[in-house]
Amino acid sequence: MAADQGQDLITLTTDKLSADGVSESVTCPSCGAISLFIGTTRDNFEGKKVIRLEYEAYIPMAESELRKICSDIRTKWPSVRHICIQHRLGVVPVTEASVIIGISSPHRSESLEAVKYGIDTLKATVPIWKKEIYESGQPCWKENKE
Amino acid sequence: MAADQGQDLITLTTDKLSADGVSESVTCPSCGAISLFIGTTRDNFEGKKVIRLEYEAYIPMAESELRKICSDIRTKWPSVRHICIQHRLGVVPVTEASVIIGISSPHRSESLEAVKYGIDTLKATVPIWKKEIYESGQPCWKENKE
Amino acid sequence: MNTEQVSVLYFAKSAELTGLKAENITVPSNITSLQLWQDLETRHPRLSVLRDQVVLAVRQEYVPLCAQPLSLREGDEVAIIPPLSGG
Amino acid sequence: MNTEQVSVLYFAKSAELTGLKAENITVPSNITSLQLWQDLETRHPRLSVLRDQVVLAVRQEYVPLCAQPLSLREGDEVAIIPPLSGG
């Protein structure tokens, strides 16, 4: 259906992210399932109180790596319809979202699996870095373990 | 942490569901991950155009089965913090959400797996039924395949 | 033989077939789920199309159609559960 | 020996260690990624703490530190990529 082509929506922004915004952007009449993953800022790390995170990105390469993830998802799960990946940059206060991935598909297993693949791969391949700012002690650049 | 006890939030309602509402209801400062599944009304079934769905439930038993799902999730994934399951009843127009499950956890794999378990189990065990209303032809009570 | 009045709730297709949402009936307290279903089919012959798909819920717990006595108590709620389609 | 001027971009901890977001340097066009890193370490000795964790990105594609020539072209962008922590 040419009028209903799957869209890859990629956003890097310093604005607050919205689950409704992402969910609406991937909604489509022929899909029965939308899966969302929301990464939020935790208030603690190894007993230290985290006040906020600060994110920075190598923006053009991050966008290009995110487009590769969308393309990989479409190869692995051809029935996936729309993909929206938003990553916040700059300061992210505790409990606010740093990343939201939303994916729609006709049936639920594809979008659930694709969202998991998307966040796992984003953490492994997209040039974005976060620094944790603690209540006391030196800020620390983090490292994704997986 | 007594002040941060995990909550099971179960809602059956004829009101429109909101991804932001569910996401906010499970947000907590000690969690880094929120996973959401949104089931939406599809516009077609075997070539017939679907205009809307109508849901009905055996409400007290549906609530009791949903509480069992929450309890099972906490046994399987003890680190899960908050669980919110909302199911819409009555008329649900095409593209609107019939069900939203949101789960928060400190790390992402638990909430992703728990959401998948939640929607799979809901479809298999919760006494809720949907009737599809087509543009032409008799309405049809559906049957979950899995 | 003890009998009990129980409340039968019909949902989805079973409500359409019987034209009822609920009715009170009097049945032996040691009736099996299969006998209860057969009793309901006698009252509402159109229900027979659901025979191979339906389960009951007694006091809000699922019970398949089988030969086990239900141990019904006065006022119990028995729900007719066609194939589920929530989600 | 051909040389090229390339733009080096520093991110996260590498930017903190060098005090720079970017700088232009002139290097042999057939330099390997490992040699380029060693050149940068000579310019910015504090970078050495990243030696076992860092990779480069040349023209926005990842390149590990190794003995393969980079085939740099004039104006290429070379990014210093400390361990990722997006998400």
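Order as written gives the chain letters A, B, C and D; numbering starts at 1 within each chain.
Everything below uses one rule, namely that a contact is a pair of C-beta atoms (placed from the backbone, for glycine too) under 8 Å apart; a residue touches a chain by one contact, two chains touch by 3 or more.
Keep in mind that what you see is a predicted model, and the values were worked out from it rather than measured.
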| item | value |
| --- | --- |
| Pair of chains with maximal C-beta contact number | A-B |
| For chain A paired with chain B, centre-to-centre distance based on mean C-alpha positions, whole Å | 22 |
| Geometric centre distance via CA averages, chain D-chain A, whole Å | 27 |
| For chain A paired with chain C, centre-to-centre distance based on mean C-alpha positions, whole Å | 48 |
| Residue numbers of chain B (touch at least two other chains) | 39, 119 |
| Per-residue overlap in chain C, given as positions that touch at least 2 other chains | none |
| Arrangement of touching chains [line / ring / star / complete / other] | line |
| All pairs of touching chains, each written as two labels joined by a dash | A-B, A-D, B-C |
| Chain A-touching residues of chain D, taken from the complex the two chains share | 9, 11-13, 16, 53, 57, 60, 79, 81-87 |
| Complex contacts: residues of chain B adjacent to chain A | 18-20, 22-23, 27-44, 94-95, 97, 104, 106, 108-109, 112, 115-116, 119 |
| Parts of chain B lying in touch with chain C, wherever the complex brings them together | 39, 55-58, 60-62, 64, 87, 98-99, 119, 122-131, 141-144 |
